[in-house]
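Structures for review follow.
Shared between the two complexes below is chain A, which has chain B as its partner in the first and chain C in the second.
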Partner chain A sequence: MRFLLSPNVFQRCASLRGIDFVRFKYSKLPETMKFEPNLGSTVDKSEVNELPLSKAMLTKLEQLSALRFQSEEEIASVEEDIRLAQKVFEVKTEGVEPLYSIVEEVINCPLRDDTIVEPTSAARALQNAPHVVEDFIVVPQANIPQEANPLLEEHAKSLKKAVSESN
Partner chain B sequence: MTVERAVQRAISARPFNALITETFDTALNHESNALQRGLKPFTFVAKDCFAYQGVPVTCASKMLENFTAPYTATILQRLVENGGSLLGKANMDEFAMGSTSTHSHYGPVKSSITAGNLDNDWRIAGGSSGGCAVAVHSGFADVALGTDTGGSTRNPAAFHGIVGFKPSYGTLSRYGHIPLANSFDVPAIFANTVADCERFYGIMAGVDSYDSTSLDPLPRPENVDLTKLTIGIPKQYVHPMLSDDTLDAWNNAAKLLESTGCKIVPVDLPHTEYSIICYHILAETDIASNMARFDGVSLGHRASDDAPSFNELLATSRTESLNDTVRRRIFVGNYYNVRENRGKYFQQAAKVRRLIKQDFDAAFAQVDVLLTPVTSHSAPLYSEVRAAKFKSRQRQDDYFTQPANMAGLPAISVPMGTCSNGFPLGLQLIGNYLEDYRLLAIANFLHELHTNSA
Partner chain C sequence: MFGRVFCRRQCVHGRISVRCGSRTAGKTRPVSSLGVVEPVIGLEVHAQLLTKTKLFSAAAIDASTACNSSVADFDLGVPGTLPRLNKECVQKSLQAALLLNSQIQPICRFDRKHYFYPDMPMGYQITQQDYPIAKGGWFEYYPVEEDSADADFKKVRLHQVQLEIDSGKTIKMDGNRLFIDLNRAGVGLIEIVTHPDFNSASEAAAFVDQLRLLLIHNHICAGELHKGNMRIDANVSIRVNGQDKPRTEIKNINSIRLLKEAINNEVKRQISILEAGDEITNVTLNADDDGNIVVLREKSDALDYRFTPEPNLPRLKIESEWVAEAKANVRYDVEYRDYIENYGVPPGLALSIVKDDEKSSFVRQTLPYVNAESSEYFNWFKELRVICGGLGIPYPPLNANFVEPFVLIVNAHTNHVITKLVAIDLLKGYLKGDVSGNVDLLIEQSNLIRLHPSDPEFQGFLDAIIAKNEKVVHKIHTATGNATKKAFNKLRNELINTSEKRISVEDAEQAITSRLGN
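Presenting the complex of A and B:
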């Protein structure tokens, strides 16, 4: 929902020759103009093609994040953030250059000379590693993906159930 | 103040839980070194996301409970070399994600503005640099070094009635700072006066060869005629969530400035309502990447070693040592950037960021500085915030502060009296990029005007 106010309210704010510079008082607004600050999109969850997240996508997110979802609430939280993010697409941005970093407008990534300033020892580099044997970090076998998360299977089942019940 | 005095006060202030690590012995060493070199020592604390060699740096997370910094952040080094005595590492929201300083592995920061018993309820300290604000407010730090990515220094400063200064992006080196969102993060300064902020900023600011995004601010302007300024009031910051007290403070500040001869002018920042969502998309993208280094293998919390595979070990170590806010942001940040989404979220957000910056550029063509609220009202109680569910609160609290981070602008929270319940209020001045010293001069002017009018 856009933060809409009638033009004359803005004019009251804008007439800054008077005593009050900010004469807009929320409590004095007529009921028809009151609303909750909505920082999200008016888009409903069902209108967002990407939602709800499929089991495959949730699994992919777990693997990319090296995390595991712990509860239904967590999944819902993530989906809510994604729903709120749709608001960004309301802005017309054709022909606009993306801005990645403010300093890029001023300086262009200076480089240091390639000279050794301060050598690092293995001891210092490894001082915070939890499990080290003779300067090697010890890990279990790699290249095996995370085990399937039973929560995601339950979640997929309950979604299917909800869909078939509403049909 | 002397370290001895500061330590006494820090010990009395322990109930506020402002510090994760106390470094009293280090502070005494710093003080005696400074005196030997003929410097006047001062005490400071640093938010626990800055590295000081040999001292734990935890980001208030179980993940870094046992992590000792192997080197020292450049700006901490500069402070110490100029008389600074490091008293401790300040408590914060975990990995700087939050605006209340309650989501910490080491327990919440309780604001030192709270009257009475702290056991069951307390005023929140704001965040994420709440511990820093309490250290200055409760009187054991002459200055505190926090960070400000979306308002994390200005917000707690306003709640505590002290000055919170977020410099222009890049003017304080981020070497030794554990990053949250690299293109927004700025080390920031808490102090009792604007003059102090300027003094400590001067010690720390400027290019650092270890931070390729660092640059110098513009030099101090020669003669700023503070009675001929044009002050901008952004229309979009007149928001329903503002309390009457904050509106009154804002009005009064504008009238004070006008009474000296300044012009007050409305300005239009049309993309303000998109700033928070834009910030979330860009920041969460960075977060997903920045948090990947916390694997429990090369550093950090490692789950017990009977994991069947490397990937299982990572997932367990991370899931059990990162809090729910952090985990959610990593998931969402990764979602925005999966191949299926073809970069659309990040690209769109980066373009909206350009539009937000252009809004500010247009405004600064008309005005010298912007005057806005910092928070919607004074510090709420923990019980109120918990009832409202932390999540929605986080989004609302950043509304007035976050846009300055989008454009890298210098911004400062100046104390402006109290609300009708007697708790501090602050107002924000936003300046143009790299005009930090100019902004500080204007902030000092406003603060003096306010103090003299009371």
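Presenting the complex of A and C:
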């Protein structure tokens, strides 16, 4: 990539951090063509700020990740991670363009020529598949539990107890 | 259930008249005890792009290849692999955007749409949710049933055109087992999202049919729905007395027949729910191969797709050279529109010709060279079918040598050089192979030229016939009703036969009538 060929270290670092003050050879996007930040796809901030996590939110996390909370420690651990990550929202970002990709200040999305075909084979594609029938990958039985997780019910109860005790 | 409705002011077809006269109006407005019920339908059409390799990997796209043999490491979702965008896919989607009058965006971006399913190894689909390659647009289509004569087109507005990847194929085996083939995983698709501008299943079906013809013509998509080249999701709701009701979504429709059935069934289902006094809920339905609609999920299970920008792909700036190249390669001259707009062929007939390779080839070789009105041409086209049927020859005739005689014979008839009956005989002769050589020369040499009433030969024949058939002439003068007609026809047929069909039916009838003073 071009930035590796820049004359000095300073320019290279500047390009990595997306700082604009060094002029590069490739055309930069005019101001009118920047993306407007799209907040529609991000998680509703008010939901995330609610710690400790509600039973509904824990259930939703289980559904989205197809995982199960196995113990109280795991729930506490996730909440700790969220508390840590939430610090990001404290940064003031008004007037700053979101950076979606490190190289986007320098290059356009690289395009590949359609005529060059990569050789592929079923043997290679299936080598890690545990169960194959006539070259089809057989999906293992679904192991996503459908019933409610009893741990979450207990967790909610102990939370309520803790809240009422402290009052 | 479906009654004929007279549109009062501005009907669904946008025409202001008491009776809009469209045959589709009566067919599509359901009549219900709820009042005026209007189906409201929007479509999401997924069309596979006709490129050699997939959208983000260089694995070949080959429909005939063995199961799981065209899967690159990236398509498998192997950690450490990265997407590499296919230039030809971008080019083809720019062409599609131009054809659909959609505004090409200066920059666009890929997003991840997360959900778990066995045929999607990565756990997300790379799509363009927020910043698609083109926004807006419209498509004009003829809302016809086959063979209908309605020649007005309708315009459907488009929401956007976006690039995305296809998932693999899941086959349900007995015992609830799922078999996965990832050959299709990663193939580039354009998703064309329409506004809910359709008011009937047949309109939606006509749109999909004509869109597919346009895409095939431009080599953007192979267009075979049954092979999975195009799949449709339909959003269906009803408007009762002007009030919109909640909509439902039918996913994975893979044929036009299924599209019509599924939409009609869904509309009926929604009407019966409301008639029973219940509420319609936002369900998502799946159409299986037999046309059965199965509930996939209720609203309470609403999926959170957690759209995030694809971090491995910088935003795509559309260069002006690409747009110029797309403009140079785009072809608006789809065959069926040519027939409808330049030759005045009814849309239903134009579409049925275009879809049949042999008919299409025959018409293409003959219609532009015939100097008759296209309606006259198509009368001969139909006549040819009768002739071929009688002779036991495939229709349309596959013999390349027949094309020129056909054109010349039809022209000779249009120019009044030969009569219709002689023309039919000549067509039969050429088809059977009894006759060959230049048509015009043949007509002259075999004395087939039509006789006009002013010709002395014509009058000669007429005199002879009348002299020979005194009894028949007498009958014409004296009898009444059907008997007169029969006698008249007998005389007419004799006149035609003696002249060896060189007198046309109309001329013969007129001459006899005026001679006998009836």
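In this section, the second predicted complex is superposed on the first by the 108 of 167 C-alpha atoms of A that agree within 3 Å, B and C clash if a C-alpha of one lies under 4 Å from a C-alpha of the other, contacts with A are read in each partner's own complex, and residues count from 1 in each chain.
Methods note: a residue touches a chain if its C-beta (ideal position, glycine included) is under 8 Å from a C-beta of that chain, and two chains touch if they have at least 3 such contacts.
The structure presented is a predicted model; accordingly, all values stated were derived computationally and were not measured.
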Report task. Return first, second, both or neither, reflecting whether A:Glu62 touches chain B, chain C, both chains, or no partner chain. Result -> first
Query raised in the report: Does chain C touch more residues of chain A than chain B does, or is it the other way round?
Result: B
Report task. Report for A:Ile116: first if it touches chain B alone, second if chain C alone, otherwise both or neither. Result -> second
Requested in this report: Classify the contacts of A:Pro130 with the two partner chains as first (chain B alone), second (chain C alone), both, or neither.
Outcome: first
Query raised in the report: If you stack the two complexes on chain A, which partner ends up touching A:Glu147: first (chain B), second (chain C), both, or neither?
Result: first
Query - chain B versus chain C as contact partner of A:Ile107, first or second or both or neither - result: both
Query raised in the report: Which partner does A:Val139 contact after superposing on A: first (chain B), second (chain C), both, neither?
Result: both
Query raised in the report: In the superposed arrangement, which partner chain does A:Thr93 touch: chain B (first), chain C (second), both, or neither?
Result: first
Query raised in the report: For chain A, what residues appear in both contact lists, the one with chain B and the one with chain C?
Result: 29, 35, 40, 60, 64, 66, 100-101, 103, 107, 109-112, 125, 137, 139, 141
Query - chain A residues touching chain B - in the complex, by the definition given at the top - result: 2-3, 10, 13-14, 16, 19-22, 24-27, 29, 34-35, 37, 39-40, 50, 53, 57, 60-70, 74, 77-78, 81-82, 84-85, 87-91, 93, 96-103, 106-107, 109-112, 124-125, 127-131, 137, 139-147
Query raised in the report: So in the complex, which bits of chain B are touching chain A?
Result: 66-68, 70, 169-170, 182-183, 209, 212-213, 215, 233, 235-236, 238-242, 244, 247, 250-251, 254-255, 258, 264-266, 271, 273-274, 276-278, 280-281, 284, 288, 292, 295-302, 305, 307-316, 318-319, 322, 324, 327-328, 330-332, 334-336, 338, 340-341, 345, 347-355, 357, 391, 395-396, 399, 407-408, 433-434
Query raised in the report: Which of the residues in chain A end up touching chain C in this complex?
Result: 29, 33, 35, 38, 40-41, 43, 60, 64, 66, 100-101, 103-104, 107-118, 120-122, 125-126, 133-139, 141
Requested in this report: Note which residues of chain C are touching chain A in the complex, please.
Outcome: 51-53, 57-60, 66-72, 76, 84-90, 106-107, 109, 111, 114, 116, 118, 129-131, 171, 176-182, 304, 306-309, 311-317, 319
